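One structure is given below, encoded as structure tokens.
Lettered A, B, C, D, E and F in written order, each chain numbered from 1.
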Amino acid sequence: MLTNYSLDDLIRRALEEDIGHGDITTMSTVSEDKQIEGSYLAKEDGVICGLPLLARLFELLDPSVKLEILAKEGEPVIMGEIIAKISGPARSILTGERVSLNFLQRMSGIATRTHSAVQQIAGTRAVIADTRKTTPGLRILEKYAVRTGGGSNHRFNLADGILIKDNHIKAAGGITQAISKARKMATHMLKIEVEVESFAQIEEALQSGADIIMLDNMSIDDMTRAVDMIAGKALVEASGNMGDKDLRTVALTGVDIISVGALTHTVRAMDISLRFV
Amino acid sequence: MLTNYSLDDLIRRALEEDIGHGDITTMSTVSEDKQIEGSYLAKEDGVICGLPLLARLFELLDPSVKLEILAKEGEPVIMGEIIAKISGPARSILTGERVSLNFLQRMSGIATRTHSAVQQIAGTRAVIADTRKTTPGLRILEKYAVRTGGGSNHRFNLADGILIKDNHIKAAGGITQAISKARKMATHMLKIEVEVESFAQIEEALQSGADIIMLDNMSIDDMTRAVDMIAGKALVEASGNMGDKDLRTVALTGVDIISVGALTHTVRAMDISLRFV
Amino acid sequence: MLTNYSLDDLIRRALEEDIGHGDITTMSTVSEDKQIEGSYLAKEDGVICGLPLLARLFELLDPSVKLEILAKEGEPVIMGEIIAKISGPARSILTGERVSLNFLQRMSGIATRTHSAVQQIAGTRAVIADTRKTTPGLRILEKYAVRTGGGSNHRFNLADGILIKDNHIKAAGGITQAISKARKMATHMLKIEVEVESFAQIEEALQSGADIIMLDNMSIDDMTRAVDMIAGKALVEASGNMGDKDLRTVALTGVDIISVGALTHTVRAMDISLRFV
Amino acid sequence: MLTNYSLDDLIRRALEEDIGHGDITTMSTVSEDKQIEGSYLAKEDGVICGLPLLARLFELLDPSVKLEILAKEGEPVIMGEIIAKISGPARSILTGERVSLNFLQRMSGIATRTHSAVQQIAGTRAVIADTRKTTPGLRILEKYAVRTGGGSNHRFNLADGILIKDNHIKAAGGITQAISKARKMATHMLKIEVEVESFAQIEEALQSGADIIMLDNMSIDDMTRAVDMIAGKALVEASGNMGDKDLRTVALTGVDIISVGALTHTVRAMDISLRFV
Amino acid sequence: MLTNYSLDDLIRRALEEDIGHGDITTMSTVSEDKQIEGSYLAKEDGVICGLPLLARLFELLDPSVKLEILAKEGEPVIMGEIIAKISGPARSILTGERVSLNFLQRMSGIATRTHSAVQQIAGTRAVIADTRKTTPGLRILEKYAVRTGGGSNHRFNLADGILIKDNHIKAAGGITQAISKARKMATHMLKIEVEVESFAQIEEALQSGADIIMLDNMSIDDMTRAVDMIAGKALVEASGNMGDKDLRTVALTGVDIISVGALTHTVRAMDISLRFV
Amino acid sequence: MLTNYSLDDLIRRALEEDIGHGDITTMSTVSEDKQIEGSYLAKEDGVICGLPLLARLFELLDPSVKLEILAKEGEPVIMGEIIAKISGPARSILTGERVSLNFLQRMSGIATRTHSAVQQIAGTRAVIADTRKTTPGLRILEKYAVRTGGGSNHRFNLADGILIKDNHIKAAGGITQAISKARKMATHMLKIEVEVESFAQIEEALQSGADIIMLDNMSIDDMTRAVDMIAGKALVEASGNMGDKDLRTVALTGVDIISVGALTHTVRAMDISLRFV
């Protein structure tokens, strides 16, 4: 799902950024023929994400580096577990070490947090979804990490989903008008989602044929009432600082989707290190 | 310090990523001549960072958008404070909203955390420095945010600083050899930093003329002893999971630099929103 | 809807391609201070498309060129009508002439053909939609030209719509399985479209909850029967060499969408020329 | 003649445009290890062009895809003929299908039309040439397709040929002055072509040493008279809506070159499909 | 002739290369509001080239910098003469100083050398031309500098001129075959140049209709004899280490073009400095 | 030290620049299956530099070209010596010939000149260093060529070294203030260099803790006195038109570094040719 095609540019920019005009420490202290062996090691429990990127990074930096991947993308590892073994020219491995970890740790951090959120709502009808609150330039990786952790993706960008918010409603002159205008421009393949803040708005959205209704910052009681009111005539999404709420309680209201911006806007890198033999 | 020259490419990529082939919701529901006014609002206390980028983003997206900046880059704001006012074509502002917040929230999050770390060691001789554990592709912004929060920058990349680590020492055949080799290749303008794990290594580093000695994962007691031993003959840097330690205690050992990877590898976005009138 | 943001790169590449290392004829024969005036002239009836691009092209090439646009984007012009007046430095206008016409003529050609198709089905419930059979690299312009001519857009690319075809069905083990798998991976904002070739497949698609059913290369009679069978439970799209068919007859079967690859794969440039005073 | 060197960027842009952040239908419905076999099939008679590009596209997308090319670049195929066989991972082939066809069909469409024009003038001294009326960004492919179809290329861009038109003549103060000025700036390796509209202009062009004389929109009789008058002292090019004229009649006037903008400005994609076993 | 369009990318790359992630010396020692005035000063006699680039560089770096250009592009200056005055923000001027000089000094060095060569052959029929022996990536600037110094340009690249050399002749099976094959592929707007090493080859080239004959490394006597032999039936170019020869003697043999690789392959930067008031 | 990673973009740009839309002479006169063999030959004594780039260039252009490198990077060759043998498809080799020579000749020219400068000061304590007076866009190659010739590199760009010059001193209000300000912003890994023009300035620089003192345009006597005065408390760099001076005399004053702008601003290409069998 992460193809070389989508990764190469990101990896090259990251390498250029970190290597600049050359890794002068390594070039001066390590001879060209020196070989080295090491292991990517989990220093805490977590869900690993980013292994295809790790592999591709060294392919681009130096194809003679060998990588043996032991962990499985998207599966939990425990503290002390070896994620992958690496061997080859010491210069290339030392030069690529930091960038490889920067990617792997962030992506695994996101997958781990998502996995934890998904477990909290296990057994309910809801799914955990991400938002567009991603790191500029890295959305493709971060949305992939959410999926890897068991979450769902919300729209990728402003072009591939219609989400009518407060200001769109005001500008269009009401929910009915907004939905009608959006339906005209959008391709027929897109559903229409509307953000609502009151029961009156839910009523109008349903009558206008909204496919998805987003409940913005509602109380648990209001969400429960909204789900009853919608009664399966549209999908229901719970939204608004979900990162700070008890997700299970939210899920038990019967909503279909819980979107959590914190999955990607507040990232704690998973602790992974590269240890050499 | 953040020039258009360095920002434009980052901003363009972020806009392309988020807008794709067009913001279909906004284009269909908001008429071309609709004007709008709003405010960037701090929803919690923090240190603001990223205002030049905010200004440049709208210059690139639509020069007719007006931005009145009220907060000062690098200074604290309190919850409820207005950071900037924005007005102009509703389409452009709504389309640029998410990307502008994604940048501003992350950068302010880093500046806020750095500011807090700097305050913890106030009055000591130490400075708080960042590392290369930054988000791939955004290092220039993240290192700027650290400076904005009152921190110092460590080397920007592998080309503009010599930092001899464990594996370089082994590969070169010892600290003495590694320093000597690095001195030959490096420009005469770079100092030489060596990572040490023992007092014997400190001794060897001092004798070989290391300019900076990095104490890797030492206990507080060992750091104190190391600072005594080095006695001003080299700068001393404390390193190794500093994000989890009491920074004041570390600073009081007398080290010159405390480098904290967590400043950039574990980022909590500051809560900022764009509210429309 | 065509923002500078999306146009600039396309225009720059086109100018680089056509100008190479310099327009030697113009630079040698036309003095730097020579001014010129001219008109973009419709040499046949058609629907004009591409005026924002025309304006932006000269802004990028030479901001001192003045363009007065007389026609309206998306509206018909008749043979002999002046589309826009241009004046300014002769060198810049002569150098940009060919590229500006290459864009304008192609886009107007697509808009004109789309407009004609839309008129053929006037009064029916159907809309005319484009496909992904666009010129590589110019999709954003060609889909815009289709909208400008009164058509609808089908999905923009493989990421923003689910269209399950023959081979996906086979690979998944049946329509039911394919829809179920797609539903899991797709964001909740996307509808699911399935291509069918038989009535049995329509039945299965409906039972599996397909949102849109594409009738591939069916006869008029079969399309009529299919529309009856589907009875509003899904949108219906007619597809397959529609460029060669009588669109009104197709529309009268009751389908919702008629997708016509020829709108963009077989383009006849509208005859437009730039005449100087 | 189409090297990877010139194709890669075009192909990558086309793939990015069509795939976006991922082919979600294929990724969800087709398993990673599924293999597939298919054939590129001519659905009408034509001249095939673009086979090197087809091969390179799959090399870039997925090197494990195998392509066996059966048709010969630039040679006619008949309806029903297999152009190439393809086999390998179903995901890669389905994802690359549309872009591969978009290139192949357009280029074969141009080659086919050119071939037909060339046949119309068989046995005369004239050649069929293209113009700069090409699709922005794809000129290298379209001029290659013209050559593949048996045509000749006119200048590639404004930098590699001197063509003095109406406005250059006016700006320079006459044909004599224009030629003299152009001769000074141009490299000595370029011939000088002048566009003329009258016999007086032909006379002046010959006396000024024009290497090529372009007859713009002349009647057949005038062209015949012009060829007589020029009498081999310069090459003669016929130009002006040649796409709508009887090319054989034009050729029989004795002109050397007939340039036909419609070869590239009005393209009908050849009907080619990819059928799977 | 050097448009922003062709310069911007070159300038941006040069600035990125020299500034990296920021001019730390200037940013730390010079306050943001500090203004400065200075002059670009000729420290030796020469011909100035690169003024449009100088102007554009500061427009891109900081539009508030003012530049008053006193010298004329392509005209001689004497030691001590002020070429241009500059004033504005000290930070921007100091940061752009080195790159501006690197361009200006190299281009003026080439123009100066060319000017000197042109003067040596004043009054003869010959022109001085450059070659493709230019600095990789800077050809457009270097060929412009040659023109600015009074020289002529040879072909810009392998696509816009036909020059049949030794190995092409061997591969084609002789001069006659090579010319015939080249004529077929080339556009009709290109002349055909052939490199010859003997009088027999000259004979064959003339009979095959070569437009230009390049005499490769011939003695002065042989060149004289060749010019006689060719007798105006083709242009004659003298080539081969012309940088080491007496150009006037070569010119007096009657050749039309003398191509001098050393104009661009061996560059001595003109001594120019930026002095502040 | 020159990795593919850093070379590829430079090579591609150079090839694009020289080949344009195709090498028409070679494509028309040389058949696709023609093989050729040749040798890169030193036509004068010199130090070879650029062999990794030569290898990479043909890998990118055509991987079937074989290159056997006989000379050693950075070692002297004598006139007539074969540097490398090349064999493979004639088309690819002829098309890449000029660009390969343009790189190799310039880089070897720089290495040769540097080698000669280094030999002049053999046995002294000084090293020869380059400056930022490099060809825009090619700094990484030119600084590498200096190292290959035995020289040292000065800072690579404005971001990786602090060099306080005249104007920085004035703007900061004196050497003491400038050093203090620079120390605050710079990373702790950079030394601080100050340019001085008088003994009073040397005194102030020493007292302010400058790590390196650059003597700008001083006489030999003054340099000797300065070295005495500094007495090892800082490194000493001699600068200012060193290309025109007797380097041994400069070195014997006891300075540590002699920086020579002419190493890169005034380049004489080494005479190397590609001869075919």
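Keep in mind that, in the parts below, a contact is a pair of C-beta atoms (placed from the backbone, for glycine too) under 8 Å apart; a residue touches a chain by one contact, two chains touch by 3 or more.
If you're wondering where the values come from, they're calculated on a predicted model, not measured in any experiment.
Visitor: What are the mutual neighbours of subunit D and subunit E in this structure?
Guide: Chains touching both subunit D and subunit E: C, F.
Visitor: Counting C-beta pairs in contact, which chain pair has more, D-F or A-B?
Guide: The greater number of contacts lies at A-B.
Visitor: Where the centres are mean C-alpha positions, what is the separation of subunit B from subunit F, in Å?
Guide: 33
Visitor: Any idea how many Å lie between the Cα centroids of subunit A and subunit D?
Guide: 45
Visitor: For subunit B, write out the residues touching at least two other chains, lowest number first.
Guide: In subunit B, the residues touching two or more other chains are 19-22, 27, 139, 156, 159-163, 185, 190.
Visitor: Looking at which chains touch, is this a line, ring, star, complete or other?
Guide: other
Visitor: Report the complete set of touching chain pairs.
Guide: Going through each pair of chains, those in contact are A-B, A-C, A-D, A-F, B-C, B-E, B-F, C-D, C-E, D-E, D-F, E-F.
Visitor: Taking the complex as given, what residues does subunit F use to touch subunit B?
Guide: 127, 129, 147, 152-156, 159-163, 185, 187-191, 193, 211-212, 235, 237, 256-257
Visitor: Spell out the part of subunit C that touches subunit D in their complex, as residue ranges.
Guide: 10, 13-14, 17-31, 34, 36, 90, 94-95, 98-99, 101-103, 105-106, 109, 132-139, 156-160, 162-169, 171-172, 177-178, 181-182, 184-186, 190, 265-269, 276
Visitor: Spell out the part of subunit C that touches subunit B in their complex, as residue ranges.
Guide: Those in contact with subunit B are residues 1, 3, 5-6, 139-140, 143, 156, 160.
Visitor: Which positions of subunit D touch subunit A when the two form their complex?
Guide: 12, 15-16, 19-22, 27, 60-61
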